[in-house]
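One structure, pasted below without further comment.
So that you can tell them apart, the chains are marked A, B, C and D in the order they are listed, and the count of residues begins at 1 in each.
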Amino acid sequence: MFPWTDGFRWTINHVVFLALFFTVVTTIVTTVIFAARRAAHDLQEHSGAEICWKSDFAELAESDRRCRHELAGRVISRKCDNAFDCRHCSQYSQFADLPAAGTLHELGINYSPQRFYHRGHTWVEPKEDGTVAIGLDELAEHLVGNPDSVAMPELGSEIELNATAWRMKKNGKEIQVRAPIEGKIAAIGSPKDGWYLKIRPRLDPHDPATLLHLLRGPEVHGWLSRELERLQLQLRTPGSAPSLADGGVLIHGLMDAAPEADWDTALASTFLEA
Amino acid sequence: MKITRRDLLVWSAGATAGLVFTPVPYKLLGDLSIWTQNFPWIPQPAHGPVDVKESSCTLCPNGCGMRVRMAAGWPVGVAGARTNPVSRGALCPLGFAAHQLNWHPLRLRTVRHRGQASSWEEARTAFSKACAEGPIVIIDGYPGRAASQHFENFVQKQHGVYRVVLGAESRALTPYEKWSGVPAAALGYDLENARTIVSFGAPLLDGWSTPGRFTRLWAERAAGMAEPQLRLIQIEPSLSRTAARAWQWLAIRSGGQAAFAAGIARVMLEEHLVRASGPMPALTLAESAQQSGISPDAIRDLARMIVAQSPAVAIADDDDPAIAALNVVLGAVGTSGGIVQRTKRAKSYLSAEPVIPSARAVLIDSTVPWDFVPQTDAEVFRFGAWEGGPNKADWLLPAPGFMEELTDIPTAPTSAVETYAVAPRLVKAPPEVQSAVQFLGQADPDLMPVDKIIHTRCENLFRARTGTLCAQQTTPVATIPSVEKLEEQLRNGAVWMGEPQHPGGVRCKLSDWPQATRSECPPCDSLASWRAPVLPPLASKLYQESSLREESDRRNA
Amino acid sequence: MASTVLTDGRWIERGAERASLPQFLLWLAPWVVLLAGGIYAGGLCLYYGLNQTHMDNRFAFGLWIFLDLSIIALGAGAFFTGFLVYLLKRAELRPILNTAVVVGFICYSGAVAILMIDVGQPLRAWFTFWYPNTHSMLTEITFCITCYLLVLSIEYVPILLRNRQLRKLPEFLVFENQLHKLMPVLAGVGTFLSFFHQGSLGGLYGVLRGRPFAFRQGFFIWPSTFFLFIMSAIASGPSFLILVTSAAEAVTGKRLVAREVLQRMGLISGVLLGLYVSAKAIDTLIWLNFTSPSLGFAPWQFYIYRPFGTSLLFIEIVLLGLLPALLLLYRGTRERRGFLLTAAALTCAGVVLDRFRLTVQTLALPTLSFDPFLQYTPSWQEVLSFAGVIAYGVIVYSLSYRYLPLFADAKGDRSHVPVD
Amino acid sequence: MSTRYGMVIDLDRCTGCGACMIACAAENNVPSLPQATARTGLTPMLVRRVSNGMEGQARREVFVPILCMHCEHETPCVSVCPQQAVELDKGTGIVMQMPQRCLGCRYCMTACPYHARYFNWWDPAWPKGMEKSLNPGVAVRMRGVVEKCNLCHARLHSAEEKAAAAGKREIDPADYVPACVEACPTAAIQFGNLADKDDPVSRAANSSDAFRFLERIGTEPKVYYKSGETWVKALKESVSGVEVKRG
C-alpha cells in the first residue's frame, strides 16, 4: 500500500491505482472536514436560535412567507427571503412609504393597533418601565383557549428572537411559542394576566428600529385574514364542515370545539414550527 | 523555561504525528498480521533433530524396504528404500502413512476380557491356568520370523500346536506342495524371466505380494508399450485396477476361472502345443467356454498366444487347483519364468485343521488378520494393535504397533530369491502394550528371546557365507569380517539376499485333472487375503475423497 | 390514540401521517426475528467456519456471491440518481433522491456484511489494502466498495439529521446544511467509484480465462462484461427504485412520489436497458462464435446441462430484456402503473438472472473433459444469513421512512393551500 | 534461462494405487478429517479414475493424477488473488501459494480450470497424539485459507540449504524430489527442469505422446501427461471421457 510496505510494486498500474485510491479518500475526507469547519464557523457567527429559525423559515411553504408589504397591500405579491427580519431587510424602506390598501373587511376577530405582532402569533406591547409585555394574539387565544399547562422560562434568563419563549400543552399537543423579541425575562405572567412574559429588550424599546420586524396596523389585518383562511382549510375535516366563525364570532377554545381536526399541522403552521 | 502541560501535550501530539512517517507502525501492522495467524488450537509440528532410518515395513508379510524420517524421536515420514532387492524402493499406498497408525483412534490400549476392562496379570493367570489344563494352540499370521520360532519353541514345551494362517498369495502355492512335496513356503514366481503372465483375478498391480516387485517389473517391461516384453493378461469378471492396465483383459463370468483354465489346458494338450503330457481336463472346450463366458475361439487364441509367448505362468488369486494344474500342463512348474523353488530349508504349513478340538487355549498373534475367527470353544487370547471390528476372542490383548518392536523379516511369500532382513524398534511402545512374545516369555522365562534368535540366525547366515548383503552398496556375505558386523548392518536396514536357485527341483506328479475347485475355507474360516486391521487415517481420508477405491475397500474411514 | 406511554410522535415529521407506534412495531416484529435468525446463522459461519455452508472446492462461490452481485447492481440507483440530480441537474428526480440514497446504503452495507462472512479469514480483510494486487478485479472491488460505502454513509447523514428532534440541535443543523451544499462533490466521487466497481464486478468473471463460460475479450484491461455490468446496473437501479417506492406506497397506502417522477425513472431505465440488451446480444454472439471456440470450448457444451439450456439465453435477452425495455420506452405502457411495475420487475429479474448465470452456471459447468456437471444447494445457514440482510434492509428502510423526511409527503397539505 | 520445474506423468504407467496422494498428504501435513468429503477434502494431489464411457469388454480406464499445473502464462490464480497470496516464482517457475497471507476469498479456486486448489473448510485436527508425526518442514494451515501443491517447496528449501552449506550455487537435483514423484512405484511421474533441453523431462514433454489438459486455454501448464492410447490423449480437450463414480 505504501512504498515501504511488503508487496508494493513500482509498476505503472500499481502506482496509478493507489494514486487514484488516495485521491478518492482524500476528497471524501476533505469534503467532510470542510463541511465540519464551515459548520463550526457558522456556529460562531450566528446564535443557535437564529440558525434554527433560518432553517425552519426555509421549510415554510410559499404561502406562509408573504412579505408584510403584500399583507398590507402595498405591493401585489412579495415573498420574504429574510426570515421575517425586516430590521436587516435592505428593501424594507423601498415599500414602507407606499400607501396601504384602503378598506378592511370585518375579520370577526379584533387586534389592538398599539401592539406589535409577530408571525408566531404573539404580540409585543412596550411598557413605561422599559420592558415589553408579550402575549398570545387573539387568534392563538381562540385556538388554544385555556392551555392545560404552561412551561415558562426562568426569570432573568436571556431569550433570542424566534427562539422558543415558552411551551404550552393542550389536549396532549405540545405548542412552542416563538419569542417576538430578544432580551432578558423581567417578569412572568400567566394566561389570566392577559400577558405571558415581560422582557427587557436587548435594544432600546423606544427606538422604533427595535420593533421594526413586527407587524403593525393594516399588515396585521391582512396577515390575520390570511391566517384565518389557512386555518379554515386546514381544519376542514372530512364529513362535517365546521367554519371557524360562529355567527361572525370566532369560537373560543377551538381545539376543544373541534378535537378531531388535524391540529398537528394547524398548530405547526400557526406557531411556525418546523 | 518551565514546561507546562500544554507543551507536553503539543510535543506528544507532534511525536505521534511524526511516528506515522516512520516505518514503525507499518512494521507493527505486519507483525500483527503474522500474529493473528497463531491460533492456539492449531497443532504445530514438533521440531527436533532429523535423521533417516532404513528398515522394513512390517504391516504385512512382504516386508518392503522403507526409509523412515525421524524428527525429535518420532517418525514423521515414510518412503521406499531402493536398497531392498525385492521391493526396489516401492511401497504400497498404506506404507506412506503407516507412521501415523500408532495414534489411530482404534488403537488397542487396554487388556479386555469379554468386553470388560481387565489387566495383564489376570490375562496371564488365565493363560497359565489354561496351559495347565491342556494343550494350547498358537496361531501365527507371519511365519518364519524369530517370533514364530519363539512360538514353536513354546508349544513344543507345552505339547501344544503351532498353526499358521496364510495369505492368499501363499495359499495360491499350496497345490504345488500337495503334488510335489516341496513346501509352499519354499516356492516363488520367477516373474523376472516370464514373458506372459496370466492372472486369474490376482491383483498384480494392486498390492499383490511385494508391490514394488511386480509393479516395477511391469513398468519397465510392459507399461505403455505396443509390443511389451511382458504380457499381462487379466482374467477377471470386473474391470479391476489391474484389469484396467493389463495388456489384455478378459471379462470372464464370475466363478468361471477353473473352467477357463481347463479350457486353456485342453487346447494346449489337444493341439500338442506343450511337451508335457499332463492330465486332460474333464470339461470339453464348449463346456469351459459356456461356464467361463469366453468364446472357444478366444480361449484357443489365448492358449496359442500363451505358448508362443512363453515362458508363461498363470497366477491364481487363491489356492485354485485348476489354475495350478494349468501351470503343470503349461510346464511352468520348476522352470525359469515359472514357479521355482527358492530354498531347500523351509517348513510346511499345510495342516488338516488349524485348531485341535482338545485345545484349552488359543493364542492368536497380532500378525493374524483380524477377520480370522477360529472355530473353537477354547479360551481365545487375541493379540492386536488395532481394533479391527467385532471379534469373538475372550481376551483382547493390546500389542505393540508399527515400528514398536524388534522383529525380523523372512522371505516374502512369492519371492524367487530368499531374503532376510531385520526391522529394529524405532518407536517406543506405550507401557500398556505387550507383544505375544513378551507375554509367552513371562509365562516361560527360559525361552530364547527374540533378539537371541535373530542373533543365532545371523550366525547361521554368517557361517553359510552365501548370498550378499544389500545396503547402499551390495557386499558378499563372504567378505563380511564378523557376525556382529553382519547383524549390525542388518539392524540398520541392510537386506540379505540368497543365491538365486537354479530352476528345477520342484516336480509335480499330477495324474488326472483336479476335480476340487478352490477350498472353501482356506485353511479355515472366511479369509480372502492379507488386510490391514485398520487403514492409516490419511489412506482412509484419501480413499474417501477420491474415486480410487470402491466403498468396500474404504474401511474405518 | 395518543397514549402517553407508547408514543414517538415528537420524533415524527410534523404533519406526516404515520402508523401508530404499536402498529409499526407489529410490522417490524417479524423482520426483527428474521434479522436475529440471520445474525445467528452468520455467527455460526464465523464461529465454526464455512463448513456450515454447502459450498465446496468446486463450488467455491455460492449463494452469497450471487446475491451480493445482484443487490449491488440493484443498489446502483443510488449513485445514478445522485449523478442525474447533482451532476446532470435533473431536479425533477430530487423527490426520489433520499430513497435512492437509503436503498443504496442498505444494499451496499448488506453486501459488505455478507462478504465479511463469506471470506474464510475476516480478520485478514485488511490484507487486501495492505498487499493489494492491482491486477485483480477483486482488489478494485474491495477498494471501491469500501470507499463508496463510506460515501453513502456520509450521504445518509444529512437525511438522518433532518429528523425532527435532531434538527433542533443547531450543531447538527449547520453541519447538515454545509454537507448538503457539498453533495455534488460526493455524488461525483460516488459516480466515479460506482462506475469502477460495478464494472469490476463484471470483470470478476470476465477475466477468468480458465472458465470459458465466463471469459470475455474486451479492450485494454477490461473484458466486455465490465461494461455490460455497468450498463445493466444503471439500467436496473432506477427500476429497483420504482419497485421499492411502489412497495412503500403499497404498504403505507399513500402516494409518496409523483407519478411523473416514477415514469421518468422508468423511461431512463428503459433507454439504458435497451442499450444494455443490444450490447449483451452482440457480446453473446462474439463470445459464442469466437471467444470460447478459441479456448477449445464448443458453444453447445455450455447448454447441454439442464436446467442451463439455451432457453435461458432467450429468457434473459428477450423476456427479461427486450420486453421490459419496450414497455418502458413506449409512453402508453409506461404511464400505466401496472405495466410500469411489471417492466421494472422484469428488468430487475433480468439483471439478477444475468448475475446468477455468471456466478452459478460458471462453476457448475465442467472444464476438464472428465469433470462432472455439479449441483449445489445452499445450506440453511447461507439462506438464513442472507434473509437476515433483507430483513435488515426492510428495518432500516422502515425506520428511515418513519422518522426521516424521505419523501415530501410531510407538510404536503400546507404547500397545497391555494394562494388567493 | 532460469529453472522451470515441471512434470511429465505417464498415464500408461499409472496403476492408480494412490501412493502419490498419500505420500503428498503425509508430506504436507494434510489433516485426515472424517467429516471431509470428495468435494470438501484437501487433496493437493488427486488421482482421478477416468473411463472411455464404454461398457463390457470395450471399456477402458485410466488413472489421471491431478495436481497444480503451475501455469506459466497468465497464471489464472496469480492474477486474480487480491492480495498477492499467490505468486509465480521467477526463479523456479513454481506457482507459490502463501496460506499465511490468504484471506480465503476463494476467487483463485473459481479461476483454476483444473480444480487443483483446495479450501480449508475445517480447523486442522488429528487424532490425539498424532500431531507428533507431523512433518516439521511444513507449517499446518489454518481454517479458512486456500492451499494447493507447491511442488513440496519445503524439500526445495532444504536442498538449497544443503547446497549453500556445501558452498554450491546449484542444488543437486537428487536432493529435490517431490513426495509424489518419490512415492510412485512405477515411476510414472517424472520431475525435472523443463527449461533444460537435455533434461529427460523436457525431452519427454516434447515427445509426440505428451499433452497437457485444456492446452488451448493458453495458460502454458508445466505439468504434462503422456499416453500411447488415442482415447486418453483425447482427454486433453474439453469434452469426452467420464469420471468413474465410486461404487
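As a working rule, a residue touches a chain if its C-beta (ideal position, glycine included) is under 8 Å from a C-beta of that chain, and two chains touch if they have at least 3 such contacts.
Keep in mind it's a predicted model, so treat the numbers as computed, not measured.
With contacts counted as defined, which of the two, B-C or C-D, has more C-beta pairs across the interface?
C-D
Going by CA means, which chain is nearest the middle of everything shown?
The most central chain, going by mean C-alpha position, is D.
Starting from the mean Cα coordinates of chain B and chain C, work out the distance between those two points in Å.
Here chain B and chain C have centroids separated by 63 Å.
Using mean C-alpha positions as chain centres, tell me how far chain A is from chain C in Å, no decimals.
Centre-to-centre distance between chain A and chain C: 41 Å.
Chain A to chain D: how many Å between their CA centres?
Centre separation, chain A to chain D: 78 Å.
At least two other chains touched by the same residue of chain D: list those residues.
As it turns out, chain D has residues touching two or more other chains at 37, 41, 48, 83-84, 101, 123, 142, 243.
Residues of chain A that contact two or more other chains, please.
5-7
Would you mind listing the residues of chain C that make contact with two or more other chains?
Touching at least two other chains: 124, 127, 130-133, 135, 139.
Could you list each pair of chains that touch, in label order?
A-B, A-C, B-C, B-D, C-D
Show which residues of chain A lie in contact with chain C when the two form their complex.
Touching chain C: residues 1, 5-7, 9, 11, 13-14, 17-18, 21, 24-25, 27-28, 31-32, 34-36, 38-39, 42-43, 48-49, 51-52, 55, 59, 61-64, 172, 174, 226, 229-230, 233-234, 262, 264-265, 268-269, 273-274 of chain A.
Could you pull out which chain C residues touch chain D in their complex?
49-51, 55-61, 118-121, 124-125, 127-128, 130-133, 135-139, 142, 204, 207-212, 294-298, 301, 362-363, 366-372
Applying the document's contact rule, which stretches of chain D touch chain B when the two form their complex?
10, 12-19, 21-23, 25-27, 29-30, 32-34, 36-38, 41, 43, 46-49, 56-57, 59-63, 100-101, 123-136, 138-140, 142, 182-183, 185-188, 226-228, 243-247
In their shared complex, at which residues does chain C touch chain A?
It comes out as residues 2, 4, 10, 14-15, 129-135, 139-140, 143, 147, 150-151, 154, 164, 167-168, 170-171, 173-175, 177-179, 181-182, 185-186, 189, 192-193, 221, 411, 413-415, 417, 419-420.
What does chain B use to touch chain D in their complex?
My answer: residues 33-34, 37, 39, 41-48, 50, 69, 71-72, 74-80, 90-97, 99-100, 103-105, 205-207, 211-212, 215-216, 218-219, 223-226, 239, 241-242, 244-245, 249-251, 536-552, 557.
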